[in-house]
């Protein structure tokens, strides 16, 4: 199949609706990396290895040396924001990266200026933007975004563009009729339907133009039937949703471990403290609800209580997020996990993760952008479930249960890459290493 | 291949050298489970599911309903110990299980009495046994153990016997000439070679008789060329070593998660407090050394620093065990993990595991016994690497790097079971769920 | 002054409005202690020492041997509750104490039966009692309570009675006109004023009869001018409010330590998980508000930001309580404290307290009951600030700042006892131990 | 008494044997503070308040405004070290303070150069200095140090000099005959007695000259009869030993809190990870022994097991220090405290302190220097027990039990200052605020 992948030639534009802490950390990082000032730690596409063939072959190349990804030097950045700050100003304000580091790439960062955002305060009550598009209706706004994309592509002489939502979490609501078909959705855009959120307008604009789209927040954005259908029509890969960082990352690491050992779980209490803009937005209960739903689903899938009612049929799972300014972007989580083992005896696990939200999210933006661009060049359209490795609430084909176990997600992603490149899939069977069984194995 | 597995008919004897906290918790548990007083939580063979076929088939049976394992009702217990206490007395002394529970199965536990142990204080300085075999030389002791096994089998009318080492950690030493060939080893037994430890005497006795042997401690026991060779000659499955419980269990869950995301690690400090007999033995530096070697190797394999020097080339890994009587068997671990992400920014993870050593180990004894009995019936002899899921220092074919990642170990075990039963191996690729790629997939 | 204290002769009745986890743990404990089955650990009156005289005198008697307290054998229990369960049933339901222990004192506990409670669901939304007094108005209810007290005293042939509020936290509201004078309050009782809560009715009944009253919850109860005035009229000692257990106990231990060393504090995040009835009540925001106000005031007083703006002028203090059934009464707290030291460098302290709510509260009930009875016998009426050692929100004379530092509270209590018994107050000066200054010191 | 204190006129020299992380952080800090670049957070003498008079008087001045301390602008720094690095180089190497900050005071720091140290590797095995005095015998070395002091005083036109030991922990040994009298000690110096350590040579030199001396390490230094006697002869105040920072600081805060509430303690496990030079020195068991003795004594004194055998008679107390380079000077401690309450029920407290060793120690150096200089001017000679607030192993008059409770130490220090300045001592009695007792109180 590898012959069919078009090469990554020319420049790749990465557009982010939302140019706050995550997006600016991502952009500043790539620029610093290109100048040799930093390393892309945490980016699986850049630093991760992939085992090929048998264990004894010792083939373990970097992923970027195995599949044809865009080169970091060929990336051009752009985006939209509610505030007019350029990326240098926004990054200084976010206080994620050292001022010293930012100073060394000040010119490059200052050159990246946001376009005016599509914004509707109904969906994000705790923010109040000042740099906002106006339009006759939501369809008009969508067309403005499409114009932005095309101008950006032309102005920068780009070969390809992808879009990754890095904006805030919108309030919780569920899909309704207007989201069901392309027709209903486009009519809704014209009618200013209140159930169409800003993030959907961006997603529509991207997918309509065949621009790959990934959603880093827990909003209902491209996971509605109308946009899935559109993505197939326009041969556009899409992926979502909600960058898997921090506490949920830990959860999808630990829970599979407990499940693997058939240890029971009676309770899981998760609390977070964070002081960045994300924390401020999530201090509103309606926005938190969206996040909570995204975070709570994780355990349900991994533990499959219906298959294991004695072990997982009665888990009390609670997730809290607390706005706590003293920590800024240094999100910190504390988990208490009540487990039980042999004969029902109880044990406890406490995990305290002193993390940095944007530092964990930035390489995900990079990887999603590079892999979804690869998918486009490999003619893979519609939902890219193999990217669920990066996402808290993976979007799947209708009726298909999402896989949250990060290790199954990893194998899925790696075997997808092996498959794309014509390599054997890996099963970890390995009985062939043991003489006496050699004959029975292929 | 499933046709070739002999059925699990008749009674299965499980013999444990060492009848302390772990073995008595295991035995009491199985008896209580058989009387309906408890559940075998933590036993993957009894409570774990295995997915078969495609995700949409929803086939997820319990492992015990999928592969032909011995029934818990058919198990008979026996063993050796340095103290003459019966299992009721030993379990009361170990203070792992509630006195109320033990009281309900007192009769059954009192009926299990240890045989005299092979013991040599050179190898375990902090213990001083009183119920010990004497013999003219180590070969004589081995023969006494073989007699014990055969008498036990006959007296209890058993169909099959397996042995699982549940004794203390012996002092650290490395394999030498006497361990290289069967001949040298048997000569060494006759010559009372000081490099042959008690655990080796048990292993030799078992393997010589074709009795499957698993090693739950970090000692050099059956992982010496002489005994591997013997296991092939006598068609005996063997597995080792060191039950993977507590802190190392957590480590092999967490480390693969960090590795999966290409997050760098600069330091990992692990400390333990425990107050049981195991803690007392490990308070001696020579015995701790054996444990430390077993515990330290874990990260090296998972992170593969030679492939990822920028991420894992400079990890400071330190493991400490502290004897702390107030906690008894309630071993508690605390880990500090220093990681770094995007652009090198540092983060920290702290894990505090309030665990119970024997509660985590007991179901491992059960699973190893049942699976190694299965292996025997399936004519799988020699090292059973697929059981490394349960072990801190998996024994592998010579020259083959052990796999410590618990999720790869799990897939290896599950795919081995699928393979034995003639089911498709699972790769988690799943592209076939997405229409547009259906044609390209087998 | 010690001559003036009347002896503790005859029996002492302790009445608790609220006979849930705290009250039953207290009663069961005293009974078990009297039968030699347990020790009154955590009770300063029973197990605490008090230093007398100079360090070199080595006089350090138990407090109960120093001041004339009621003997535990002379205590008789009674109370009111919304549920008809006797104390054995209520204690079994609370799951604080081992069933084995409760079984040994079953007869004594069953004999203690609640009287019907004064209850108004407006004040505690998450409970729905079934064993409730009815009356024509609140004054009528108060008189019923007074009758209960007098009947209880007579029926049990008691010398003295005290009352300690062990009921739930009522919703938050502030003192208003009806609470200002005895007249207004008594008129309010007759008029069914909605600002008079059940706890105030109990407090009024007690104080009116000269029965000492202590308040273990954060409600506005006896800390209103009307009842303070009444307590002086009737020569009744009163104390409040909110038993200082768990997280706030730790806070008033740690904060004085940071303050002592002039370490700055920028943030203090406190979260709790608990699954008892208290947790259920506090899951309602209005009831939590009462608790939150009580918990938040603590740091303000200890750090005195107005005196130390550079160190404590900008503390972000947040307290959360989460209902988490898996832990039952085993309340667990987690604190993150952000501090800064020399030149402003930041440090962090994390405290994880695996506590047991009722186990910490029960000895406080005992001590407050014994000490407030002592106060009565010593003719100390009105607010007993020296008991603030036990209380989260100490009630003080109007205009007087409460002291939250537990060590100053301890010295206050100890020096009060020394003063009552005619011993020298202790200043820890101690210069006289050093020869060269001897002359200057008294 | 305040009239008798000589004013702090002219310049004060502060000499530190040892110019590593602690001393350079202290010096850099004072210089930065004097330039307005930082604040002396953590210095009680500079930032701490002291309450005077009654609570209602609201008199709460800063200590530096209450007692006549040397002004920070009048301090001149000097010292000795095994390495020739100037203070700028040493501070850069210690990596405690930001390079940016150090750069702003580079000139001042470069001007401070160590004098050659008295060093003997027998006492500190893991260090190997290169900048070392040679002498005919230990008396000769002592005289060289005295010359250094006098030259330093003259060269800098100083009014007064104090010395604070900031060097490494020496190996453990106990006082013997040579330490018993001035005569024996001076003869030992001449005879190169192996029981006289380098730190004793510095202390002797200082005390002989009447220069106040404080000991920041746990070594036997000035707490030997010979030097106590000498300090009285020469009217020199002395204090020791071992700066109370980090884990022990927390311990002397928490333990008094548990004791205050009569909560029992069954175990206290304390572990540390640190990666600075101090950690390296303490990696040697002989040096760790000195530290361990200093750290272990703390609980014994606070809990007084002989007075409270039921609560504190069986505490298992263990302290571990682990060299862990990834954390550098950011010492981190983890404590597990097993407590028990009402009826013996068990609870646990875990404290994780992410501290910075030198940041906590630096203000202690400052305070000890300023207060011991005050003591000298107030004619207080010999042991200054009132400074035990700052010290892990307070030196006391012979036969007098040291006080470890930090709150009693604080009151002792504050009442000493009140006493020196002629203010009333504070007892926290406060009964006079309550009308009805007013008459009985003075």
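When the chains are written out, they are named A, B, C and D in that same order, and each has its own residue count from 1.
In this text, a residue touches a chain if its C-beta (ideal position, glycine included) is under 8 Å from a C-beta of that chain, and two chains touch if they have at least 3 such contacts.
Remember, predicted model here, so these are calculated numbers, not experimental data.
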item: Shortest contact path, chain B to chain D, counted in steps; value: 1
item: Both-way neighbours, i.e. chains that touch chain C and touch chain B; value: A, D
item: Centroid distance [mean C-alpha coordinates] between chain D and chain C, Å; value: 39
item: Centre-to-centre distance between chain C and chain A (centres being mean Cα positions), rounded to whole Å; value: 50
item: Contacts with 2+ other chains: residues of chain C; value: 350, 352
item: In the complex with chain C, residue positions of chain A that touch it; value: 266-267, 269, 271, 273, 316, 318, 320, 322, 324-327, 332, 334, 336, 338, 350, 352
item: In the complex with chain D, residue positions of chain C that touch it; value: 1, 25, 29, 32-33, 38-44, 46-49, 55-56, 60, 97, 101, 232, 249-250, 253-254, 256-257, 260-264, 304, 307-308, 310-311, 340-345, 347-356, 358-360, 362-363, 380-383, 385-386, 389, 396-397, 399-401, 403, 406-408, 410-412, 415-416, 419, 425-431, 433-437, 440
